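So the structure is just underneath, and the comments pick up after that.
Chain nomenclature is as follows: A, B, C and D, assigned in order of appearance, with residue numbering initiated at 1 for each chain independently.
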Amino acid sequence: MSKPRKIAVLVGSLREASLSRKVAQAFARLAPDTLSLSIVEIGDLALYNEDIEGDVPESWRRFRNEMRDHDAALFVTPEYNRSVPGLLKNAIDVGSRPYGSSVWAGKPAGVVSVSPGGLGGFGANHHLRQSLVFLDMPVMQQPEAYLGGAGGFFDAQGEVKVEGTRKFFATIIESFAAWVERILADPER
Amino acid sequence: MSKPRKIAVLVGSLREASLSRKVAQAFARLAPDTLSLSIVEIGDLALYNEDIEGDVPESWRRFRNEMRDHDAALFVTPEYNRSVPGLLKNAIDVGSRPYGSSVWAGKPAGVVSVSPGGLGGFGANHHLRQSLVFLDMPVMQQPEAYLGGAGGFFDAQGEVKVEGTRKFFATIIESFAAWVERILADPER
Amino acid sequence: MSKPRKIAVLVGSLREASLSRKVAQAFARLAPDTLSLSIVEIGDLALYNEDIEGDVPESWRRFRNEMRDHDAALFVTPEYNRSVPGLLKNAIDVGSRPYGSSVWAGKPAGVVSVSPGGLGGFGANHHLRQSLVFLDMPVMQQPEAYLGGAGGFFDAQGEVKVEGTRKFFATIIESFAAWVERILADPER
Amino acid sequence: MSKPRKIAVLVGSLREASLSRKVAQAFARLAPDTLSLSIVEIGDLALYNEDIEGDVPESWRRFRNEMRDHDAALFVTPEYNRSVPGLLKNAIDVGSRPYGSSVWAGKPAGVVSVSPGGLGGFGANHHLRQSLVFLDMPVMQQPEAYLGGAGGFFDAQGEVKVEGTRKFFATIIESFAAWVERILADPER
């Protein structure tokens, strides 16, 4: 049997009780055996500044190395001000440079937006997708994952409360597993 | 004569030789007397995290206070990965919280995107505009300012080289002055 | 007393039982006396083709004339495929040409998206706003109007069923009236 | 040898001398043998209206049948008012309905925007991509194709004048051929 694909999960919130983080953890539990999910932390990354590429901050080096060790990326993020949180966009920017050394290029991607409100983070979801075009990351289209009403998803232990929600989560991560396999499959095998 | 309107200029790049910063400085020189432009720095802002609102970082306090002291905002930004640089989005996020204390609400805004390439930062420009809707900032629509080919704008002293470019810059900042006046005009005066 | 501002309402659906049309009609009833709303029909417009500008279809002439007779525009639209319905975008395109004769330029605008689902037509709402930048239409930012769950808004007579919904509708149209006045106010009066 | 993949080319302009159409024709000539490109016409499509699905216009029937006979879709379009031309969006809407019978679902897609100006139709390009998410069309990310300055591409015979342009066109269509194969490849073969 082949080794599981290593999926880097990028969480767009630093709050300890972040709903996005709980969603990410639920995905990790629900993922099929063909995937191995781990959260790659982004909260310590210095703001991107090309001037310091000559003396790279340790936080950037750690992040870039960790990302290079993964096969695909799953973004799980809240929406801040109708767009991607600055902290997640900063991680994307740090990973994309220097030119020619992007950690993102070619990796299959999935986008999940999470919101306590009804709109489900639609704005953040699609702004992120626009960046993925430039980053050359083939992105799963369906199922779209606008997870609204997220305040009611979890019990005190962080378990998904409603069976329908759990099933939708499972569908998302199983579809993502299939997408990753489709993109990474070696046509020459 | 009334006092000039105080315009906060937000620059989306931290590079010392940033083209966006040079554009911002050119605007400051070309602005009519009714405006006073000053760059509000964003490079020291800690990444937004709601958990630390109880013990607000000094960088946030400084930024929020400085922003509250301005009448309007002019964003001058490069495009990173077809969207707003994470560092500028982080400043927007920091200024927007805590709920009910946004430094942005009601301030008239302008958006200028700057790029060495031909596309003129169109993606960053419009992603930023989407955030301005939520932030309730009435935004100047025309002239649109997608400043492509910016690598050739300035001489060694940072002066605008070509008269046509200088005139377009002047048109932008004069139109912005008119927009600010239109929005801030007291209908009861 | 001054005459009411004439508001052209553009409805993005041709269905007879269209929820967007019902929302538009509710706005017309709830609008303050300073506004007069009328729906400008777009269902008969030939698809835009610059080649026939020399022999303008009667449908285009009728639409352009009718639009020129209004002071502002309110768009009330469903979302088709995460964007503006083709039929509404076609009306925008027809009204925007020929170059130099746009019926839109300078008119204050409002955007209301309507959806039976939860996402409230967010995608259509913001795609439309991107066009309004080019068309030079100053657009109301708040309140944002993503009207989700619209299938439950109306009774059999087309009246708004829930008081909270009616109040939100009233807030939207009253805010729009204030926005129109703010933009159209003659600073020289 | 396997049969070539049938690519439906959707052109977003009805002008006889349309630059987008010329670009589409150039792609057809430059495409590798594994692809067969044909333009599917959209200029006769009645504006979408769900009410007439019970008595489908012949134009819709023709279009839907023709689309079902293709393996993938390549969109070549100008930008109208910073978004997708209404006429192209209408074709997308017509093809997407009735629910459950979309002609788009699962087909690999490419997006090429064409403009006489410098911005290369960036706005249309990405608005179209947002629709492709909902339509479940896996879309090629790189190379991005923002074809600005298109007024200078062709000689009087419609041939591409500059070798660099011709090479970029060839790169686009060859990359698209590889993308189509990657998505449509039968993993079970």
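Methods note: a contact is a pair of C-beta atoms (placed from the backbone, for glycine too) under 8 Å apart; a residue touches a chain by one contact, two chains touch by 3 or more.
The shown structure was predicted, so the numbers you read here are calculated from the model rather than taken from an experiment.
**Student:** Using mean Cα positions as chain centres, tell me which chain lies farthest from chain D.
**Tutor:** B
**Student:** Between B-D and A-B, which chain pair is linked by the larger number of C-beta contacts?
**Tutor:** Comparing B-D with A-B, the pair joined by more C-beta contacts is A-B.
**Student:** So, what's the distance in Å between the C-alpha centres of chain B and chain A?
**Tutor:** Taking the mean C-alpha position of each chain, the two centres sit 29 Å apart.
**Student:** Quick one: report the Å distance separating chain B from chain D, using the average Cα coordinate of each chain.
**Tutor:** Here chain B and chain D have centroids separated by 37 Å.
**Student:** Send over the residues of chain C in touch with two or more other chains.
**Tutor:** Residues 82, 123, 126, 130, 133-135 of chain C each touch two or more of the other chains.
**Student:** Quick one: which bits of chain C touch chain B in the complex? Just the residue numbers, please.
**Tutor:** 126, 129-130, 132-139, 141-142, 144, 181-183, 185, 187
**Student:** Over in the complex, which chain B residues touch chain D? Could you list them?
**Tutor:** 82, 118-120, 122-123, 126, 146, 148
**Student:** In their complex, what parts of chain A are in touch with chain B?
**Tutor:** Those in contact with chain B are residues 14-16, 43, 45, 47-51, 80-94, 96, 123, 127, 130-131, 133-135.
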